[in-house]
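Shared chain: subunit A. Partners: subunit B in the first complex, subunit C in the second.
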Partner chain A sequence: MNKPSLMTAVMKHFLWRVLGLTGAYLAAILLASMYLTQHRPVGVALYALSLVPAVPVLVVIVSVGIYLRDEKDEYLRWITVKSLLWASGITLSAATIASFLDAVLQVRPDPSPHAVVAFWATFGFLQATFWGVFGVAQALMHVSNGGSDE
Partner chain B sequence: MGWGWMCGVSTKASKRYMWRLLIVMVGYLLATFGTTTFVRHNHPHGFEVYLLALLPTIPVLCMLGVVGLYLREEKDEFQRMLTVRAMLIAIAGVLAMDVFVDFLRSYKAVGALPPFTEFITFWLLSGLVQMAQQLMIRSGADE
Partner chain C sequence: MNNRLRVLRAECGWSQADLAQRLEVSRQSVNAIETGKYDPSLPLAFKIAKVFGKRIEEIFEEDRQ
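== the complex of A and B ==
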């Protein structure tokens, strides 16, 4: 009996890229923070250094774009777009709540990457859920076809 | 796509998208200003304020729902791709801006962003990217 493939090759590349870039993001924040604490740059140098953690964030989004371009399965492309829209909605909603509380109560959250965490947590959760459902459906179809992918 | 009538592309789906987006945008403005005014005048406390803070998020989610609806209804795959690309660039801009500002804030180099900056940046960026894409396509077609 053939083992059903739950992941496309493009999806695997995408997951490895995201994993690598998440490591790069954490490393960028850590290294930039260490450099700032030790050298205390000011002015342009400080602003330039603050751009460093933003680079992996941008590259992850580019890798989502590459995945959407390369993925042949239309259903998988659609669930990624759906996850992207939901994650954007949750991120903008969280930002709107924070802005509202700031505007009416002058309650400002501590500086921490809230938006990035909200976005990737939602995106990752939804992708995992949709892919899980897709995988189970594919496996069930495989079993019902008697082990054939036809 | 959505900004099509400004740039010469207007499918049925894009016209519907524009109207829906316009209605939800008005809903967002009403919800935001209405709730802010209500809180400033009636001074609710604790749980009530947090409940009221949820109101403006309804149109925010609806706007992304409108985009999803457009992507489902639009028959032209190229236009769908342009919209998804604009959404990706818009969210990339918002996340990069947040990371940049949060990093500077943690070193007390800048203050917090003005209220509702993320929302405005997202839709402004998305609109500008859509317009730029349509203009590039038109200039390519004219040559």
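== the complex of A and C ==
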């Protein structure tokens, strides 16, 4: 029988995948905007380049699905589902309010990337809250120890 | 739902980690069940009962208002 760790193997894989994809998302935004500014592509190239930062976000959504499918610990799965539902509700509410304000006040700060960031920030905050800040601190120490509980 | 998990675990001299190991769940799960933050599914409740050699109703009981 394996010694129980603070995080399941599935959760560890999920977290590393999300960390990598977050880096890919930031790099994609930076590189795409640099290329757009310097080369000013048109047509299909412009559309393709505009969609590049969306790819890591879509892969993160797929990763969440894979995590929920593979996670055997029902309590951790329940926390993730609860966080996803609350984050969806909060982000949709904020986006609805922002879009109606935008329709009246004509303030347009390109809302789509902000909605993505707001969703995952809310999700992370809720995960930490539901899991307990102490649990998160222990989990981070666990990861920094290379997965060892000693 | 109330449960006697903490008492039964103490009687066996097990830590939360020991029980989590036997149930093949995380320590957080054991803690959440013990503190009443989470009610386990029926399969997990049966597994808990089996680990302690008791019936489910000897471990879990309804809230009494």
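Here are a few things to note about the model shown:
The criterion applied here is as follows: the second predicted complex is superposed on the first by the 125 of 150 C-alpha atoms of A that agree within 3 Å, B and C clash if a C-alpha of one lies under 4 Å from a C-alpha of the other, contacts with A are read in each partner's own complex, and residues count from 1 in each chain.
As a convention for this text, contacts are C-beta pairs under 8 Å (C-beta built on N, C-alpha and C of every residue); 3 or more make two chains touch, one makes a residue touch a chain.
These numbers come from a predicted model, not from an experiment.
By the touch criterion defined above, A:L68 lies against subunit B but remains apart from subunit C after alignment on the C-alpha atoms of chain A.
Legend: residue contacts after superposition of the two complexes on their common chain; A:W131 is shown touching subunit C, with no touch to subunit B.
Judged by the touch definition given at the top, the superposed model places A:M7 against subunit C, while subunit B stays out of reach. By the touch criterion defined above, A:S50 reaches subunit B but does not reach subunit C. Touch criterion met: A:L76 reaches subunit C, while subunit B stays clear of it.
Taking subunit B and subunit C in turn and counting the residues of subunit A each one touches, the greater count comes from B. Legend: residue contacts after superposition of the two complexes on their common chain; A:A32 is shown touching subunit B, with no touch to subunit C. Counting contacts as defined above, no subunit A residue meets subunit B in one complex and subunit C in the other.
Interface residues of subunit A, counted against subunit C in their complex, comprise 1-8, 72-76, 78, 131-132, 135.
Partner subunit A is touched in their complex by these residues of subunit C: 17, 20-22, 24-29, 32-33, 38, 40-41, 44. Across the complex, subunit A meets subunit B through its residues 29, 32, 36, 46-47, 50-51, 53-54, 57-58, 61-62, 64-65, 68, 81-82, 84-89, 91-93, 95-97, 99-105, 108, 111-116, 119. If you check the complex, the residues on subunit B that touch subunit A are 32, 35-36, 39-40, 49-50, 52-54, 56-57, 60-61, 63-65, 67-68, 71, 81, 84-85, 87-92, 94-107, 109, 112, 115-119, 122.
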